[in-house]
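Two complexes follow with chain A in common, the first pairing it with chain B and the second with chain C.
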Partner chain A sequence: MDPKLDLLYRLADDQLILGHRNSEWNGLGPILEEDIAFSSMAQDKLGHSLQLYTLLHQLGETEPDTVAFTRNADQFHCCQLVELPIGEYDFSLTRHFLFDHAELLRFEALAGSSYEPLAQVARKLRGELKYHALHANTWMKRLGTATDEAIERMQRSLDFTLPYALGIFEKTDAEAEIISSGLFVGEDELRGRWLESISKVLSQTALQVPDVLSLTPVFGGREGQHTEFLQPLLDEMAEVFRLDPTADW
Partner chain B sequence: MYGSASTHDLPTSAATGLENEDPILLAEFEARIGRGEKIEPGDWMPALYRKQLTRMIEQHAHSEIIGSLPEGTWITRAPGFRRKMAQMAKVQDEVGHAQLLYSAAETLGKTREQMLIDLINGKSKYSNVFNYPTPTWADSNVISWLIDAGAIVNQLANAKGSYGPYCRALDRICAEEAFHLKYGHDAVVHMATGTPIQRKMMQEALNRWWPAIMTFFGPSDKMSVHTEILMRWKVKMASNDECRNQFLDMYVPKIWEIGLTLPDANLRKNEETGVWEFTEPDWEDFKRVINGDGPCNAERIAVRRAAEENGAWVRRALLTPKTQYVRPLA
Partner chain C sequence: MSTATNTHQPIAKSQIMDWLQAVKDPEIPTISLIDLGVVRAVELDEATGKVTVELTPTFAGCPAMDYMKRDVERTLLAHGVPAVEVNISLREAWTSDMLTEAGRQALRQHKLSPPPFIGNQVFDLDFLEYAECPNCQGHNTELRTPFGATLCRAVHYCHNCRQIFEQFKPV
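Then we have the complex of A and B:
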C-alpha cells in the first residue's frame, strides 16, 4: 500500500474504533462526570477520524461515511487494543492512558510530517489530545495511589493491557518508506518516547511497571487480523446505515 | 428532558404541616414570592416548599440520566459521522443537565448519592416516557424532537419559578435544549422526506410514541388535585393542560407540515376556544407504567443499578479520611 494511505488508515481506524468504544460509557460511568468526560473524548476521536478519512478521500479513497460504515473487520487497520470491549472502568481508564500517551506523542511528531496536509491536521489535534492525556494522568495518579482495592484493580488492568498497548507500534511493510520520506518518525522511535512518558506518570503511583519491552506484543491489527470483538462492533455501527445505503440520514 | 408528570401528589390540605410554620415568617416568604423575588438556599422556607422542590428537581435530574439511555443506545448505531457525533453531543448534554440539577437539588439538603440510591430503590420517580422502548433509530429521533420540545415548554415555564438555583439551572438547560430541538427536527425531516424505508420507519415511530407524548405533561387538570399552594409558591408555574395545549399548538402543525400523520382521529384545534381536542389518553395505563409496570421500567433501573454497583469502588477510592460532604452554595 502507498505509505501515506497505510499510515492514514491506521491512524483513522484507531481513532474511530476507540471513539466508538468510549461512547459506550454513556449512562455507565462510575460518576456522572466520567460519563461526560468519556463522551467528550469520544466526540473528539470521532472528529479526528473524520479529518483523517477526509485526507484519505482527498487522496482518492472513498468518502468517509462509506469507508467507516461499510468495511468489514479484515479491512480495518486498527490495533487490537482499541477494539476490546469497555470492560470495567479500570480497564477503560488504563487503555485510555496507554493509548492517548502514544497518540499525543504521535501527533506531536506528525506536526512535522513532510506531508503538509497531515502536518496541519496534527497541529490541530495535538492540542485536543493534550487534554485527553491530562485526564488520563489525573485518574491514573488518583486511583493508582488510593485504596488497596483500587490499586489492585489498576495493577491487574495494567498487566493485562500492556501487551495490547505494544500492538499500537506494530510496523507494516511501508515502515521504511514512511520514515525515509519524512512522513513520520516511525513506530520504534514513538514507542521509546511513549515508554518514557507513561513511566513518568506511573512512577508517581503505587503500581508496579513490568519490563515492558520484554512483553510479547499483541500484533496483527495493522494487517487486518482482529479479535472476535471487532466485527460485532462494526455490525452494530452500520446497522442503520445499511438499512438503506442510498438514503441521506 | 422532563414533563410535570405526577410529581405533585401533595398531602391533603390538613396534612401540609403549614400550621406548624411561624406565621410571620410564612407571610414574609409568601410576600417575597408575590413580589417576584427568588428564594435562595440560605433563606427561610416552609418545610413543605423544601420537600416539594427537592422532589421536583430530583425527579427532573433522574429524568435526564434515565432519559439519556433510550437515545444513548443509538449512539453506537447512528448512521454516518454527522449523526453519530451529534447524537453523542446531545446525549452528553442530557447527562450534563443531570449534573446541574443534582447540584441544584443538593442546595436543599439532600446529597446526590442519596438521590441516586432512591432512584435505584424506586423511591423516587423520573419522567414516565422513558419507560417506553426505542426499537428503531426513528424512535430516537422522535424523542430528540418532540420529547425535548415538550420539555422546553415545561421548563421555560418553570424557569420563571421562585427557587433561584433551579431557575438558573433551567435557563442553562433550555438554551441547550433549543439546539436539541433543531437537531431532532432536522433528523425527523430527513427521515420524513427521505426514501420509502425512512418514511415508513418515521411514521411508525411517531405512531408508537404519540400516546406517551400525550401523557408527557401529566394527568388532566380535572384529575390533578391540591396544586393551588404550589402555584402560589411558584413551584408549579403552569397547569398540565396548559402545557399540553401549548405543545400541541406549536408542534402538531409542524408534524402535519412534513407529511406525517398522528394516530388520533379526534385531534383538532377548536378555533373558537383555541383549545386542542383529542382522545383522552389512557390514564389507567399511565398510572400502571409510572408505578413500575411499563415495558422498560425494570431495564432502565437495572442499567442504573449496574452503573452504581460497578462504579462503587471508584467512588470509595475517591474518598479520603479527610473528605467531608460540602453542600453546593447556590
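Then we have the complex of A and C:
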C-alpha cells in the first residue's frame, strides 16, 4: 500500500474505534465527571478520525462515512488494543493512559511530517490530546496510590494491557519508506519516547512496571487480524447508517 | 429587489467585517466568531462582489462548525452580498491565543473564565490547571475536570467564593 494511505488508515481507524469504545461509557461512568470525560474524549476522537478520513478522501479514497461504516473487521487497520470491550473502569483507564501517551507523542512528531496536510492536522490535534494525557495521568496517579484494592486492580489491568499496548507500534511493509520519506519518525522511535513518558508517571505510583520490552506484543491488527470483539462493534456502530446509506443527515 | 442583485453595489471590506461581528458563537451568544478567532481570512472579489470566508474549528470535533458556516452564509447573503463561499480549513490551527481582548471580555460576561495567554511559555500541565474565577476574580482555584459541557470547556472550583465555574480551555 502507498505509505501515506498505510499510515493514515492506521491512525484513523485507531481513533474511530477507541472513540466508539469511549462513547460506551456515556451514562455508565463511575462518577459524573468520568462519564463526561470519556464522552468528551469519544467526541474528540471521532472528530480526529474524521480529519484523517478526510485526508484519505483527498488522496482518492472514498467518502469518510463510507470508509468508516461499510468496511468489515478484516479491512480495519486499528491495533487490537482499541477494540477490546470497555470492561471495568480500571481497564478502560489503563488503556486510555497507555494509548493516549502514544497518541500525544505520535501527533507531536507528525506536526513535523513532510506531508504538509497531515502536519496541519497534527498541529491541531496535539493540543487536544494534551487534555487526554492530563486526564489519564491524574487518575493513574490517584488510583495507583490509593487503597490496596485500587492498586491491585490497576496492577492487574496494567499487566493485562501492556502486551496489547505494544501492538500500537506494529510495523507494516511501508515502514522503511514512511521513515525515509520523512512522513513519520517510525514506530520504534515512538515506542522509545512512549516508554519514557509512561514510566515517568507510573514511577509516581505504587504500581510495578515489568520489563516492557521483554513482553510479547499482541500484533496483527495492522494487517487486518482482529479479536472477536471488533465485528460486533462495527455492526452496532454502523447499524443506523446501513439502514439507508444514501440518507442525508 | 432583483435589480439590486443584478447591479451589485461595491461593498467595502470593513463593512463585511462589521457584518461578521454580528455572527456569534451558537453556544456563547456574547462572543462573535471574529473575536473567538475562528475567522482566519476574509477575501472580497472586487469584480463580482463574492466574499470568501475561511473558518477554522476551535476543537477538531466541534459539532457547531456546520452551524457557524451556515450562519456566516446567511448573514452575508441577507446583507445583499451576491455570493458567499465559506471554507473550513486547518491551514492555521486555532489556538486560544487567537481570542481577541474583546473576546476575552465577552467570555467573562458569559461567566466563562478566559484561557491564560500562552505565547512562548511552556504549555505544560500547570498551565492547564490555572484559571481565574469569573465570579470573584479570585486565583485560589482548582481544576476539577478537564472536560465539561462542551469540548472547549473545563470545570474548575473557586476556593474564595466556593463556586464551581467553567473555563474556556487554553489549547
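Everything that follows uses one rule, which is that the second predicted complex is superposed on the first by the 249 of 249 C-alpha atoms of A that agree within 3 Å, B and C clash if a C-alpha of one lies under 4 Å from a C-alpha of the other, contacts with A are read in each partner's own complex, and residues count from 1 in each chain.
One rule holds in what follows: a residue touches a chain if its C-beta (ideal position, glycine included) is under 8 Å from a C-beta of that chain, and two chains touch if they have at least 3 such contacts.
Computed from a predicted structure; not experimentally measured.
**Q** Based on the superposed arrangement around chain A, label chain B with chain C as either clash or fit.
**A** Superposition check on chain A shows chain B and chain C fit without a clash.
**Q** Looking at A:H135 after the superposition, I want to know if it touches chain B, chain C, both of them or none. Which is it: first, second, both, neither?
**A** second
**Q** Taking the superposition as given, does A:D65 touch the first partner, chain B, the second, chain C, both, or neither?
**A** The answer is first: A:D65 touches chain B but not chain C.
**Q** Once the two complexes are aligned on chain A, which partner has more residues of chain A within touching range, chain B or chain C?
**A** Counting contacted residues of chain A, the larger count belongs to B.
**Q** Using the touch definition from the top, say if A:G127 reaches chain B (first), chain C (second), both or neither.
**A** In the superposition, A:G127 touches chain C alone.
**Q** Once chain A of both complexes is superposed, is A:I36 in touch with chain B (first), chain C (second), both, or neither?
**A** Touch status of A:I36: both partners.
**Q** In the overlaid three-chain picture, which partner chain does A:R10 touch, first (chain B) or second (chain C), both, or neither?
**A** After superposition on chain A, A:R10 lies in contact with neither partner.
**Q** Given the touch rule stated above, what does A:L50 touch, chain B (first), chain C (second), both, or neither?
**A** After superposing on A, A:L50 lies in contact with both chain B and chain C.
**Q** In the superposed arrangement, which partner chain does A:D244 touch: chain B (first), chain C (second), both, or neither?
**A** After superposing on A, A:D244 lies in contact with chain B but is clear of chain C.
**Q** Per the contact definition in the header, classify A:H96: touching chain B only (first), chain C only (second), both, or neither.
**A** neither
**Q** For A:L28, is the partner it touches chain B (first), chain C (second), both, or none of the two (neither)?
**A** A:L28 sits against chain B, while chain C stays out of touch.
**Q** Please work out how little space separates the C-alpha atoms of chain B and chain C at their nearest point after superposition, in whole Å.
**A** 5
**Q** Go through chain A and flag every residue that touches chain B in one model and chain C in the other.
**A** In chain A, residues 33, 36, 39-40, 43, 46-47, 50 are touched by chain B and also by chain C.
**Q** Which positions of chain A touch chain C when the two form their complex?
**A** Within the complex, chain A touches chain C at residues 33, 36-37, 39-41, 43-48, 50-51, 120-121, 123-125, 127-128, 130-131, 134-135, 137.
**Q** Within their complex, state which residues of chain C touch chain A.
**A** Of all residues in chain C, those touching chain A are 57, 59-63, 90-91, 93-95, 123, 125, 128, 144-149, 151, 154-155, 169, 171.
**Q** Quick check: in the complex, which residue numbers of chain B touch chain A?
**A** Touch list, chain B to chain A: 65, 68-69, 72, 74-81, 83-85, 88-89, 91-92, 95-96, 98-99, 102, 137, 187, 190-191, 194-195, 197-198, 201, 303-304, 306-307, 310-318.
**Q** Touching chain B in the complex: which residues of chain A?
**A** Counting only chain A, the residues touching chain B are 20, 23-24, 26-36, 39-40, 42-43, 46-47, 50, 64-65, 68-69, 88-89, 142-143, 146-147, 149-150, 153, 233, 236-237, 239-241, 243-244, 246-249.
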